[in-house]
Amino acid sequence: MQLQVKKENVYVPDLARLVSKRKMSGTETLFEFEFVEDRLRDLFDYRPGQFVQLSMFGIGEAPFSISSTPTRKGFIELGIRRTGSVTNAIHNLKLGDIVGIRGPYGNGFPLEALKGRNLLFVAGGIGLVPLRSLINYVVDRRSQFGDVTIFYGTRNPSEIIFKDELASWDALDDVDFLMTVDKGDKDWKGNVGVVTTLFNKREIDPNTVALVCGPPVMYKFVVDELLKIGIGRDEILVSLERRMKCGVGKCAHCQIGHKLTCMDGPVFSIFEVEQLQEAI
Amino acid sequence: MGTESIDIKHIARVEGHGSLYVTTKDGELVDVKMAVDEGARLFEAFLQGREYTEVPEIACRICAICSASHRVVSTKAVEKAMGIEVDQQVTDLRRLLIWGEYIESHILHALYLALPDYVGHESVISAAADFPDVVKIALKLKKLGNDLQILTGGREVHQVTPMIGGFSAYPSHQDLEVLRERLQDARSDLQVCLDVWAGLEEPQFERETDYFALRRDDEYALVGGDLASLSGVRAPVEDYKKYIGERIPEYSFAKAGIRDGHGIFVGALARLNINRDLLSPFAKSALKTLGIDLPSYNTFHNNAAQLIETAQVFDMADATISSLLSSDLEWHEPETTPKAGKGTAMTEAPRGSLVHSYEFNKNGLLKTADIIAPTTMNYTNMEEDVRALFPQIAGGSKESIELMLNRLIRAYDPCISCSCHVAKVR
Amino acid sequence: MGDNGKPSVGIFGLTGCAGCQLNILNIEDHLLDILNLVDITTWVMAKQENSEGPWDVAFVEGSVAKKSEIERVKKIREKSGVLVAIGACATHGGLPGLRNFRDISEMTQIVYGENNDHIDAIPIKPVSAYVDVDYELPGCPMEKTEFLEIVKSLVMGKRPYSAQYSVCGECKALENICLLKEGKFCMGPVTQAGCNALCPSNGAVCEGCRGPAPEANWAAEVKILKKIGATPEDVRRKFLKYCPSVAEMPEFKELEF
Amino acid sequence: MCPSYVMNQGDITKLIESARDSFDIFGPVKKRTKHVFDKIDDPAQIEMDYDSTILSPRKFFQPPSEVMMTFDLEEKSVDDTLENLRAERPRLLLAVHSCDLNGILLLDKVFGGEYVDHYYNIRRDKTTIVGLNCLEPCEYGFCRSMNTHHVVEGYDLFLTPIDGDRYFVQVGTAKGEHLIHMAENLFTLAETGDVQSFKNALKHKQEALPHEVDLEGINEYLDLSFSHPVWDEIAEDCVNCGACAMVCPTCYCYDVVDELDISLTSADRTRKWDACLFQDFALVAGGHNFRETPAARLKYRFYHKMRGFANEYGIIGCTGCGRCTAACPSDISIKEVLKRLSTIWEVPVSGVK
């Protein structure tokens, strides 16, 4: 499937405009962009799990997972954490400001293979950003999938993002949503404990595809739980993060062993990840 | 009235940190102290024990403004100590490096640091708004000087290519041609600067003193030659100590040059006075443009002298490039072996005479170093000039006195970072 | 901010040769552009009227070589938003730091004779030994390009680019013949890149003026130098020539020569 | 099939003269004690009999630093530099050895594929390559071990020295044929005797080039020695300087930086050679470094060359040109490392993690 909007120079970004900005936490904001060219708004199609390269002209370019779902067209949402030059500049954008976007890149989640399957989402912290795309996709096309369970954990209540949306997922009858924080505060009434503690609260069918995204430290523990349940290594999917300069398999920064995160990933099965020494 | 002091802490628009303390009583001058506030770096001491090959590299860090002069004169002193000869190509390249330094340094000093005073600005930065054209020309000329230094020395400050016995890399014929053309083109730019300067009014202040510079019979001496004075001294540079003494003012980190109890003057004006019969065509015409009669005893003429010398150097650079273009410029590795010995070399840095004198042991390790920089030599003379000028300006406001004193010191193009590691007291 | 909304800048010299300040003046092509971006309110070397601060950005040249400079650099730090140390003296102590390895009073005597009580010389240290430094532009002198990069970046709120590797990386990209392979004692392998391998490109060995590269493998460099004939003393001198501060680093103390 | 030709070795300078109006010409020239590929202004500069060059021909297709596009920060517009590249004069690259031709073929794969890199490909298309067969081994190379002493494509013309004074000229592409037409009088059709001489030359080559490393089982022994202490041992000598990556014909990774113009109204997006040996190569925001130790990075370079390429493109990513060995300040030799790894069979290996 060739989703890339065809153009001659793959490195040249298309212009996009910031249309809304929603602060999600102290360091994370959800940005909504639309392409300046009408044509692109319709043409730009993507798969959950893919990412774009966003240019802040004169500052730099960085990869971000698309957080919106292709089932809702016309705009792209990116949830971005303020960490360095590019992300700082993005946070300083005003509505209407112009950025560059190219993509989408990467394999994304294997939608065909997921159809009809039970899905377990496990998100840690900002890892929810890329998973949200697939979650909303599934919510919008709920009938195409089996059981849907979502585990979400953050370090503390102040780091919870997409609060409204979490509530809306929670409200759905056909989605089982659970969340936890490592450490609560005085107002926190929900679960306390790392995200793996949620596994004690639900019986997960071994015939499930698990979709995991979170900080590097989280993977190992979550994967152990999933393996215990009996989910196959090839049915545990993670999204990896690497330094990336081109997004299209040339600059070699995201190479892990013999795979390129940008081309062969960022979504990999745990089987592949374990084959790739030094992957996580 | 009563005792009053005029303290010019941090003399501005000079290189390095210097202060001037003037004490007056009832409008009369009582005391003048120029202090160098620069941290003592002790070059002559830590040079001891270093290898001869790295001595020039270390010694040129004494001062960035004259790094090329330090580098070349230090190299020559080492070569003299070890009896190392170099070929014409190497000599020419060194000369060209120095010419680059002259253009850069003289333009910097005359047009960036001194000129603002003449046009009522506090700096070239503020002057740039009112005189954008002159400032742009000055930038262009300065860059030309720097590019000459880069071409021959690898970098405009603290060159990297000069080595004992030669260079680690040579420029190409093509690069030299390009620079020669740029030098040609820049003549008109320099003429603009000369014309601008001719329209300025220099303060009238005359005080005859002992002018010292190099002198050679075949050319306007900037490198090579004997030590000479306007009063008729002529001696081999090895005898420098006979003529240039030093004292250590207890209020300063720097030593001060002295001869028979009074100051000496080195620098562009001294050179011009001493070598006035050897001016090149462009320098002669520059002299005419500026309308200065030589010898001149007006310290403020030192800046004009710098511009005249820039014209001189334009002609000399042209000749040196011709000489280089007629050689093969085939690079060869300079190979030298250390030897015990003593070597003294003297050159004219843009701001005045500069001496490096070394002694090495048989392994080529430095035993002793004696380095006298121009600002050191001028030090006593500056204080004497302040005394002499004071009565002339005493009637003015404190601000105007301060400004004039600043201008006087600046006229010397002092390099205060240079002066703080001067020779041994004898 | 300065009066005109531009960031205010102070340029200061401690003990040094003024080469880094001169190198700012040497940016002839862009000097006027720099003045468009920032407001230089203090610069004794180039201006008669100098403000007492505060400054958005302070550039400090030179090492701390006498007692009074400790106070001075602290004052500058207090009054500055961002402090940038420029040049080897400010970042690593610089070449005059060679004196740290000898007896100061003996050296003072050598230079100034008996009459030297007023000479206030302390062991030379980089600016960071006394105050927090936000950015360092190493090199003897600092690179003009790096100065421009930091000015632009600070005005734009961007992290200035700095190469995280050694001079060899640049040297090889420039297709130079490796001087170590010619038996010359080059410090390129362990020296912070950013000078565009200036010295090796000019046929001269890297003297290490930009200080250690990130994670520099010193032990390997020692081995290389000794293999081509350097004595332990040669190696020690090479390592410390421009960077006396290196002597204080634990990795250096553990190094076998 | 296009016929083969012969030409006099001395006529290479005439070929340069004839091609001059149509091309910018590059070839091996002397740089102090070594050779480099450089622009040939005077035909006499070319040195056909060279050992190897410091940098590989990669520099012609992916220069050490290049502006990819320029942003106008006020207008918010983007202008790429492909047009400028297209407008450049065609290039003629002379005397490229077999190992390097194989290197170029590998780069072709990297910069082609699903997303075509036009910067590389425009340059590549505009370059005519005249290959040169090596009949004698070079100082550091081990092409025969890597099977890169042969080329079947990648050249436009390919010269093999025969009979001491002539070249046997194979034509690889129509571009090569054009070049022949451009200097027709220098080439004559190869005759039976010439073909025999050509065969003799190849036979001589077979005998002269040593086969030093056994690649049999390389994938397995690399997989099995991933956690072997040998890597830490080699890393002790490695200064992580990246010289090996800079000179390598098949290293291609790059960094991208935006460089602001001093007026802050426009910026260039520039890419420059990077190296996986550098500390921040795999560093991401927040300070996590996926290859934190120098040893991990050194090892990665080997694995990417040997294993990564093989998986992705079906061939090993090392051409055995020996440049990395020539460039390494610590004299780390890739050939020796490979030899060493191949003997690790004999000592206990640690399994895949």
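We just call them A, B, C and D in the order they show up, numbering each chain from 1.
Operating definition for what follows: a contact is a pair of C-beta atoms (placed from the backbone, for glycine too) under 8 Å apart; a residue touches a chain by one contact, two chains touch by 3 or more.
Here the structure is a predicted model, which is why all the values come from computation and not from measurement.
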| item | value |
| --- | --- |
| Chain separated most widely from chain B, comparing mean CA positions | A |
| Two chains sharing the most C-beta contacts | B-C |
| Centroid spacing, where centroids are CA-atom means, of chain B and chain C in whole angstrom | 25 |
| Interchain centroid distance [CA atoms averaged], chain A/chain C, Å | 44 |
| Inter-chain centre distance, chain C versus chain D - centres from mean C-alpha coordinates, in Å | 37 |
| CA centroid of chain B to CA centroid of chain D, Å | 51 |
| Chain D, residues touching no fewer than two other chains | 32, 257, 260, 264, 280 |
| Residues of chain A whose C-beta touches two or more other chains | 58-60, 84 |
| Set of chain C residues in contact with two or more other chains | 156, 158 |
| Pairwise chain contacts under the document criterion | A-C, A-D, B-C, C-D |
| Chain D residues within the chain A interface of the complex | 68-69, 71, 73, 76, 78, 80, 82, 110-111, 113-118, 226, 252-258, 260, 264, 266-267, 269, 271, 274, 276, 280-286, 288, 290-291, 296, 300, 303-304, 307-312, 352-353 |
| In the complex with chain C, residue positions of chain A that touch it | 58-60, 84-85, 88-89, 92 |
| Chain C to chain D touching residues, read off their complex | 30, 33-34, 36-37, 148, 152-153, 155-156, 158, 161, 164-169, 171-178, 180-182, 186, 188-190, 214-217, 219-221, 223-224 |
| Complex interface listing, chain B residues touching chain C | 10, 12-17, 38-46, 48, 50, 57-58, 61-65, 67, 108, 112-113, 116, 122-125, 128, 135-136, 139-140, 142-143, 146, 154-158, 160-161, 163, 167-169, 248, 250-253, 255, 331, 406, 415, 417, 421-422, 424-425 |
| In the complex with chain C, residue positions of chain D that touch it | 31-34, 36, 54-55, 59, 64-65, 236-243, 246-247, 257, 259-260, 262-264, 272-273, 275, 277-280, 294, 326-327, 329-330 |
